[in-house]
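Chain nomenclature is as follows: A, B, C and D, assigned in order of appearance, with residue numbering initiated at 1 for each chain independently.
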Amino acid sequence: MIPILVVNYKAYPTSHGKIAESIARKASELSSTGKIRIILAVPATEVYRISKIHEDTYIQSVDPVTEGAHTGHVTIEMAEDSGAKGVLLNHSEKKLLYRDIQAILKKAKIETLVCAETPEEAAAVSLLNPTIIAIEPPELIGTGIPVSKAKPEIITDTVKLVRQYNTETIILTGAGISTPDDAIKAMQLGTQGVLIASAVMKARDPLGKLVEFERKMSI
Amino acid sequence: MIPILVVNYKAYPTSHGKIAESIARKASELSSTGKIRIILAVPATEVYRISKIHEDTYIQSVDPVTEGAHTGHVTIEMAEDSGAKGVLLNHSEKKLLYRDIQAILKKAKIETLVCAETPEEAAAVSLLNPTIIAIEPPELIGTGIPVSKAKPEIITDTVKLVRQYNTETIILTGAGISTPDDAIKAMQLGTQGVLIASAVMKARDPLGKLVEFERKMSI
Amino acid sequence: MIPILVVNYKAYPTSHGKIAESIARKASELSSTGKIRIILAVPATEVYRISKIHEDTYIQSVDPVTEGAHTGHVTIEMAEDSGAKGVLLNHSEKKLLYRDIQAILKKAKIETLVCAETPEEAAAVSLLNPTIIAIEPPELIGTGIPVSKAKPEIITDTVKLVRQYNTETIILTGAGISTPDDAIKAMQLGTQGVLIASAVMKARDPLGKLVEFERKMSI
Amino acid sequence: MIPILVVNYKAYPTSHGKIAESIARKASELSSTGKIRIILAVPATEVYRISKIHEDTYIQSVDPVTEGAHTGHVTIEMAEDSGAKGVLLNHSEKKLLYRDIQAILKKAKIETLVCAETPEEAAAVSLLNPTIIAIEPPELIGTGIPVSKAKPEIITDTVKLVRQYNTETIILTGAGISTPDDAIKAMQLGTQGVLIASAVMKARDPLGKLVEFERKMSI
């Protein structure tokens, strides 16, 4: 089980255009060692291009609709067709109803990463067998205060509770992870890696920051 | 003022993949005569690829957020960066708040096509000076019952009301347009073209259907 | 454990005014035997008046906000202050995010009835320990096709799955229950009663219909 | 045209219970002079009780649905049945789609007060002929920074623009109004009164604050 680093591009100015592509090239290069898995979660418009550069690219969300008359919606079929290797769902900035997460997971042929805000939500989501669950207390997202330091018990409680129902789903830590040390702490608490965003995407030197995380997290 | 034919790909199975690209190639070919303008409104995931084939491609919607921490959202900046020539907004399947339409229009450097369901909504939208307004009574969308036949007064009322406030915005007719004759009728009622979807996207022969519309509508 | 009959007033014309009050008076009278529990789920505007007539009155939903600057929202505190004995949450016509259900349940001093559309959603909700869970496959709501006949396995699966996680929460059956016999069937499948709406609220004789259910269900 | 003071109860702790009723009694007393009109906008659960105390009571919002199968929704019919003299719509904390505002206004037999965030939105809303429009730049709501001082041109622009389309709708000023002087200023800028909330509802002495406003604003 190698460590997993998910970089959520969000909708930052760096989420599209040249920098977005540079980050993808660097992620591809760093992943090639096989000592770490780097997943990029990108906006719908960027999936096609970024997945050509770095295969391990997820779309940031899809809409809970079936193919048909739905203007302005992105379906799981479109995501798959665009080259997405997986789909991120239920991020605190794009929450979905439980029944909609269930419907999307049922249809998805690609990997699924479902976020949860509490240990109970993580346990509830684990009943649906996603590939990955990320625990992210929303009050810490983007703060630079790592959940692994501020509320370590949320991580350990999540691991304990989820494992009562599901022994296979990968569990990651998110929210406030700003340094490689925070990531190491998250792994020591029993999760297999981290979900980060601003730490890389808003860094003065995004590529350098990515390398820093890779160095420390690689096994 | 050449006639305008907008084809809304919606989220039909034909909205992505090979057929989506064939339709775009045909649209590009038909547009080259200069006797008709064909705009394709495509899903966020398809903008980059389709706009490479047919320049006159719109994104089906964007989210009313500024660049930043917004997972799973598509911004107007992403749309522009992906090659969109314009953005469709406020379709009855993806309605937006008036203040959000205003905010997006203020930022947009590309063309804007805003849908409206009633003559009053069209007039309200016209105060914001979009490039195009499409009047689409939602109860007729996808029915095959053309608004131009079922409720011609909605079209004429819209034209009259909008022109009190705005003399420049292009006005199109939508909802239930299934044959080229419906399109001609819509133009006789004072609008500059039509917004269609299922007529082409769900046709047994989408390319043939597109040609039919082009033949009749071209001047 | 006496049988439970929940009558959801929804927003039918009978949900407010004189008929609404008559139904409440009849429910109060029928409940007084102690052989059945009748819960009325009423709109926010009606809670105060109906709960004066029939003590066992729930509000149909509350908003997931804390007290403060929230125009047009109904808080759990308002519901409690108005005399509600409980709150119905997550009905398929008013779905809530899982984290919001959790937040409301944490604050609620009154009873809670949470709806679920699938056995998995019911299990997920049971982790939050609501007073009651109602399983309601949305495709049958309002159809008159009782879930207890059309999809009995959904009920038995729900009971089995929920009981793995929670042995105390009461489980009810909803969706398509239109006759007392449907209710009996639902109880034979292992649930403690039913959640109905149109069967009574759209009946030509709502009071008579209520009596019918009470007769058959009472023990 | 007497001055109008709208007090939006929002969902503050004072919005229900004994204080809510005391404020209503004081509003009723102060209004009886005929020198000022005081409208109270209250939560759905409170309409029945507050309107018995002070006739000039509005509900804070209604849902854009017709009577029928809509659990957890409040219809205009319920509002009317509960004693509401009017309905507040489209507050920045409960925005509605333009087409939904139009649908509600078409059905409403009671007065309507529609909020707007920009001069253009106010003009757009004025095409629908509500009884009252309130201009409220959302960035100032609850700040204590009165729009009448911080952005007086928003008020004057609104009055000018609305009056091009509608000469009858009453126009009020909202957002950041915290003192009676702010209200006077708003009236000098051409509006007929103000919409306030925290100034009274979060005051140490809500009744005293209400009296202060009434003293200064009365003619």
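Going forward, a residue touches a chain if its C-beta (ideal position, glycine included) is under 8 Å from a C-beta of that chain, and two chains touch if they have at least 3 such contacts.
Keep in mind that this is a model prediction, so the values were computed, not measured.
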* To do: Taking each chain's centre as the mean of its C-alpha atoms, give the chain farthest from chain B.
  => C
* **Averaged-CA centre spacing for the pair chain B and chain A, given as whole angstrom** => 34
* Structure fact -> chain A and chain D have mean C-alpha positions lying a whole-number Å distance apart equal to 44
* Which residues of chain B are in contact with two or more other chains? -> none
* To do: Report the complete set of touching chain pairs.
  => A-B, A-C, B-D, C-D
* **Complex interface listing, chain D residues touching chain B** => 95-99, 102, 117-118, 120-121, 123-125, 127-128
* Structure fact -> Given the complex, residues on chain D that touch chain C span 8, 10-13, 15-17, 41, 43-49, 59-61, 65, 67-75, 77-79, 81-82, 88, 91-94, 141-142, 197-198
